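Paired with subunit B in one complex and with subunit C in the other, subunit A is shared by the two complexes that follow.
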Partner chain A sequence: MVAYIFCLTTSGGVPVFARSKNGLKQLPFPVIGSLNGVHMFARSHDVELLSTVTDDSKILWKSFHDSLTLIVVSEDDNADDCHLGNVLSHVFDSMVMLLGFDDVTNIKNVERFKKDVRVCFPLIDKFVEDQSLLTFGDLVNAVDVIAAAENAVLQNFLDAFAECADSPYGCLLIHGKIAVATRKWWNLTSRELVLISLLVSSLTSCSSRDIPVFLPDGSPSVPHRLMTFQLTKFIDVCVLCGPKPSLNELEEEVGRFWRTSYESLRAALQNHPCNIPSSFNLDSNILGFIVVNIETNRCLCSVYSSSTTNGDESLDCHERRHILRSYYKHVVGNYFASKVEGSEKIPSSFTHSAMDTYMTTDTYKCYAMLSPPHQIYILYSTDIPTFAMRSITEKTLMILTKDKSTQL
Partner chain B sequence: MKGDVRTTNTSVKHKDFLEYSKIAETMATKKCECESKRNSSHYIEVVMKLRHRKDEALRDLTTVELCEKVLGIIPGHYGSSQSSNQSHRRKDRRVKIRGLCTNGVAAKYPDIRVGDCLSSINDQEVNWDNLSSILHVLLVQRQVKLVIKKNMKGKTSGSVLLKKKTQSSLVQLVSGSNGNNVALDSLLQGDWEPFYGALYLSLDGVNSENMQAKEDIVYQFPRVDNQVIASRGMFITLAGTIHDATESTVQSTTMIVDNNPVHVVYHCEGQNLFVICAPENRFSRTTLVTLVKDLVRLLQVTHGSIHDTFTSSSNHNQLDCFFALLHQNQVSQSTNNGPVHEDNLNLSQSAKILPLTNEIKCCADRLLTDFEAADFGDMSDSYYGCRRSYSILGSCLFYKNYLVSNHLTREDLIDFSTYLKYHSLLNLSTDHSFGQLVVWREIHPTRQCQAVPEEQQFGYSEPLIARWFWLIVGYKNLIMCVALETGGCTKIVEGVSPPDPFLIDQARAVLMQLYTQNIASHCNNILTSTPSFVNSPEQYIQGQTQGHDLISRSLKKLPHKDSNLFSLANGVNDNPGSLRRLMQRRKDSVESDNSSESSGESMFKFSKKGRLFPETADLLHNIHESKEEMMSLNSNRKLSIGLENSLFHFQYYDNLEGVVISSETDSSTVNTLHDEIYNCFKKSCHKIKQLFDNARKIKEQSKTLKHHVCGIDDNFTAVREEGVMFTCSISQQDKKAPPLCYWVVGRCLSRSMKREIFVCFHDSTPQTVIELAFKLAMGYLPL
Partner chain C sequence: MMFASGKLIQADWHTTAEGRDMLSCLFTRNKQGLRTFGLLERPPLSAHIEEVHYKIFVSGKSGVGKTCTVAKLSGHDIPKSHIETAGIQTSTCYWPAKVLDMNKVMLFRLQFWDAGEAASKKFDHIMSACTDRVDAILFLFSITDKVSFDELHQQISRLTSSGDNITKLVIATKCDQHALGEVTRKDIRDFEKTWKIPILKVKNILDNNQSDTNDTVYTMNALCEHLWQRDLILAGKLNKPILLPDSETTKTITSEEFI
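Let's look at the complex of A and B:
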């Protein structure tokens, strides 16, 4: 859980911004200054300071393109440093996405930059408040999807709409999770996918918007126009366009293209928050799961099982999400490698490769399995016998990946 | 307290009394020492000043006693230790230096060593025939010239010379025989692992105005400059800043120097910092943290506090020696360039147990108990009519790397095992065989450091003015550790406290007795015999595994003897109790056997003073009887249940007792698959154990009221078990063959999370079998 994120200029140590978790007191500047100072001091001695661990917390430093230094202070998650490094990369990429690579890596006027960077705060705060995130995309570096039987129908609507917008890039977001997207949209890199989805959900909801975005990998210097239209509550359609068409022109088309899809959209919306159609028959002991396809950069997650309705569950959804996040961080970087940068270091030092792993505690059990290109992490209740976890995990993975509507 | 070197009649330092007269009988340990000092000749000349003696009574003494009195040398025959062949003894009349008297003249001269040959006195050749007459002449002289022939045994061929040299340099480092100093030039450059170092930093009395170069470094090892040392300024700043930011103590830092990840681990001592840094290719972060924890414990035990250790400069030579030894053993393993074996440090703070049968263990325990009782012969108070100087708190016994018997509390045992490990004494006892090893030092036990009673409690409490000492005696492959206390029921020792020669003698006698009773050789048998309860993975390569015939097999494997079952089921915790009961049983039988001849004579009563072990014959008899049974028991034992033994490795860790049982095998067999599996097992054990340790740590932390600024991740506090499955394709050619899959599973056994077991087994094992193995295994191990 991230507590503070500080951003300073690498050359001068000028503070650019400081974000902290809700309810934490701001740290005085001398403390931030000396946290950055040790990093600069080390650099002057040809030493690159990476991280420091204390009794209960962890601090990570990372410089980007000799321009900005990001410092994150977090609880000690007892996981590999790659996960916190991933958070800092996301923060930097957020700035690139909204301000452009050139502006971020070549700061001419720090005071002006400090003002400009404020536009990124809602997005950056998503990473600081990772506790309240409903999605896992930022953690697994793959974009959250929502499975619905109506997806095949919706795909046609989307393709038609994107064509009208004269753009190959289009996607339909339900609660910030991708229901369907155009073929070209799936060709975006994983961080672009994750950041765009998070960006849309970080902004206050409105019927339509048009914002310039830089794609960190695709076009870091030339902005595209990201246009979003709210079709109904919690459902947005997004397109990435060039200079044309204008927002007004496209807004007029929205009704024409999507009106007939209303029933399908309503039906698809029903799948939130489970993210899977209720027809899926999963084991009743499953409290939550993450399935990642590391080739297509998609992940399907759920902490709401169909049996959640009876109120005697020991773990609420918030706890389940938290446990799954912790378990993912524990497994990736220790036993499994994944899309997270640097996570392959320790797993590759084993002479044989780990394929399955599990953990049992007094209140829950977890199982993780590699089945390339898929990875699955399941949270079980304690009622499941340990020996059954493997076969049920295998079966669950089959159910989730073989179904058409999940598109994994 | 420190540095008050005794300047009386011996050359040894009383605080750090290390005597290695003859460490390896077959190894060329002497050779290396000779290389430096006496390369040209094997003979050395010593001119000794004698004490003037007027005592006429000396004239009536035997030759041996005379030699002891006059020269301080205990003379001996050649070949007498191996054979009592009188004719042989008659042939070789040379005088061997068998020992040196503690207060004798010869002990002052470092060139005179046990095992050397006394060649001539005052240019007159000496043998047993004329020794007496020559010594009588010396009685009236003040000075004598001795020529001593050094013991050059072992100088054989040149081909093995290199290996011997490295071994003996280890001996040198351990014993400090090269003058107890690490040569300064080697400290300054030397062949040290890059970026490895130990530092003690203090800003006391340093301010930025008068700061010249390195005033902040109180101690540094090795004294080599590199970027890490140059950037040391940030260590103290970090410690301070991080405390301001998160209200927690800094633990470790990772950084990149010259493209190498380097870890720095801190121990905060007020404002001062003890820092160890090492490159990641040698130590992972967690291993380094464990290393520092161990070092801090060790230095506190030996020196009282970390601050004292480093600030008094008289300690620095000793510390140089210690860190050089550490470097030699843990950091620069010249043979392999890989990371330090995880298990080296992984399970530190514990001693590895050698699983012995009850009979053997009883014998060993009895010998130790007899020694600890200290009520035999001339060891009792009444014999001398004065209070004893030290009372024995407890003792423990190591064979090679393994703990054989322990009569100490957990903290004391860990103090000892940490000391032995980091001073390489355990390694030495494995590779060499000690001629003589005596360590005597005052210590500050961890147990006492942690709990100082504030007020007098009802009943027994430890004496407040007490001082504690350690006596470690080694003989061949055995090491016996004795914890001593003074100030309680004993005399109060002020200032210098010399080792008690009588205790040393008796401890040595215990060790020799263990050899005569073949206990040591039994230990060796167990070590060398292949452990049958684990299986090699080869048979699974053949493919098909058969079903598991659970019932028939488990029936067969029931323990044969009720006594076994009884003590085994009790496990570790009840050990002393069950042993006592077993002892009682044994004692009864012995007494009934002897009742006809020595009625009323209990086996603990001694007719002959000073003799510690009167009834060896009985014991020997018992051991021979049990020998066969033991072998059969060992060879048939296995932990898993089922027709096929699918267990590859196991490791049992008892946090409560501080002991480990492990199926560790010698890596002498060349078996790549086995090694690969073993490495995976070790590495994942390390990971799983880390998870358990963290859970324990967080549990502790959440108990205290301390506020955690960044929150605390308490998801895994109640963790019970973790398993990882590894897959490897067995052969490159046959792609179709199913891959070999095996699990490594670690489990916390008891509620208090004090015991952990790690197993490695084949994937085909049904879960029910594993569950049974977990339940039964621990009861089945002989402890």
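Let's look at the complex of A and C:
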């Protein structure tokens, strides 16, 4: 769990911003200055300081393009450093997305930049408050999707609307998870997909938006316009456009293109928070799961299983989410490689590559399996016999990936 | 353009049986705030009620509470701390009011346009998108920030001209923070006298009580009334703004119950 993130200029060590988890007291400047100081000292001796651990916390440094240095302080969860590095990359990419690569890597006026960067705080705070995120995309570097039987119908509505917006990029978000997206939207890189979905859910709710965004990989210096329209509460349709059409013009078309989809939208909304249709028959010992397709950059996650309702209250959804996140961090970087940058280092040093791994505790059991291009991580209740976990995991992956509505 | 409220729109219509009935579909079930409607939705009111659409641009210094005010008036969640708005955000809300000259209830559909300061400076299209065919501009200042008040003059001159048909209103935000107030009542009175623009007051805190609801009703009615007045002038039904002696106006605006 992230506690603090600091941002300073690499050359002068001028503090740009400090974000801390809600409820934690801010660290005084001398502490932040010292943290940056050791990194700068090492640098001046041609040594790169990567990370360190104290009794209960971990600190990681990362400089970006000789412009900004980010420092993260987190609780030490014995996970590989790649996960915290991933957090810092997300934070840097967030700034690129809202301010543009040129403004972030070539800061002319620090005071001005400090003001400009405030617009990124809601998005950056998503990574600081990672324990309250309902999605897993930031962790697995793949974007959260929501499966619904209505998705096939909704795809047609979306394609027609995107065409009207004169944009190949369109997606429909339900509670911040992609229900459907145009073919071109899926060509965005994984970090772009993750950041756009998180950006939309980080903003204050409203009817429509027109936000200049830079795509960290596709268009870091030329902004596109991200337009979103709230069709009904918790459902937004997003398009990425050039200078045309205007927000006014496109909003006038929303009713014409989407009105007849209203019932389908309401029906698809019912799949939140499970993220899968209730018709899916998963094993009752499953408390939660993450399925990632590392080729298509999609992930499907849920911590609301059927057993949530029938009295098994040993672990609430918040705990399940926390355990799954920790388990993912425990496995990836130590045994499995994944989309997270640097996660392949340790696994590739083994003489063979692990395809399955599991863990049992007094209160839960976990199982992870690689089945390229898919990866699955399941949280089980202790009722499941350990020997059965492998076959049930295999079967679950089959159910989740073979169904048309999941698009995995 | 100042006039006594209640001339064009029945001020106490919301306390009548008909009014209460219609308002109840606009508020959330626990009456905590207004309900929000997605772009595909409309309040569950009779389809016979005529709908009039308005585009309202919200202007003001960074941090005065533009986003919070819009959220408050349109029923969206009010952000807990200041957030710089990225690009443009629009929020749509519906408000029924009884128009006196036609003696019927109209449904006002107000679309607030809110843009972050940094983004509108950096990207040219944002300001022009916000002010294109705009019906009204709300100028916001915070009573805790004198600079935001002083900037009003410049903003009004920049965004409007005397010949345009844009309805202009000023809203004072953070009126719950008296202790930190930097703008005095005299400042406000002087401003109203100079510009002939009324100043409304809001406090963007979520308190679930009747006076809060009354404030919302008052603000929304005032907004709709000014928009309606503009329509009447444009249609040639109303010749000139009804100016009232200053003393009376200030009395209406700074009445204790509303501050």
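Methods note: the second predicted complex is superposed on the first by the 406 of 408 C-alpha atoms of A that agree within 3 Å, B and C clash if a C-alpha of one lies under 4 Å from a C-alpha of the other, contacts with A are read in each partner's own complex, and residues count from 1 in each chain.
The definition used in the following text is that a contact is a pair of C-beta atoms (placed from the backbone, for glycine too) under 8 Å apart; a residue touches a chain by one contact, two chains touch by 3 or more.
Note that the coordinates shown come from a computational prediction; the quantities given were computed from them, not determined experimentally.
By the touch criterion defined above, A:77 lies against subunit B but remains apart from subunit C after alignment on the C-alpha atoms of chain A. In the superposition on chain A, A:359 makes contact with subunit B only, while subunit C stays out of contact range. In the superposition on chain A, contact is made by A:116 with subunit C only, not with subunit B.
More residues of subunit A lie in touch with B than with the remaining chain of the pair subunit B and subunit C. When both complexes are overlaid on chain A, the residue A:149 reaches neither subunit B nor subunit C. Touch criterion met: A:27 reaches subunit B, while subunit C stays clear of it. By the touch criterion stated above, A:37 is placed in contact with subunit B alone, subunit C being left untouched.
When the shared chain is aligned, subunit B comes close enough to touch A:3, but subunit C does not.
By the touch criterion defined above, A:53 lies against subunit B but remains apart from subunit C after alignment on the C-alpha atoms of chain A. On the subunit B side of its complex with subunit A, the touching residues are 227-228, 230-231, 233-234, 237-238, 240-242, 244-246, 248-258, 261, 285, 676-677, 679-680, 683-684, 687, 690-691, 694, 701, 708-713, 715-728, 741, 766-768, 770.
The touching residues of subunit C, counted against subunit A in their complex, run 36, 38-41, 55, 67, 70-71, 74, 76-77, 79, 83-92, 111, 114, 116, 118-119, 122-123, 125-126, 129, 132-133. Listed in rising order, the residues of subunit A touching subunit C in the complex are 98, 115-116, 118-119, 121-122, 203-212, 223, 225-226, 229-233, 235, 243, 246-248, 251, 254-255, 258-259, 262, 265.
Interface residues of subunit A facing subunit B in the complex, by the touch rule stated above, are 1, 3-4, 24, 27, 31, 34-35, 37-38, 41-42, 45-57, 59, 73-78, 81, 322-323, 326-327, 330, 334-335, 349-363, 385-387.
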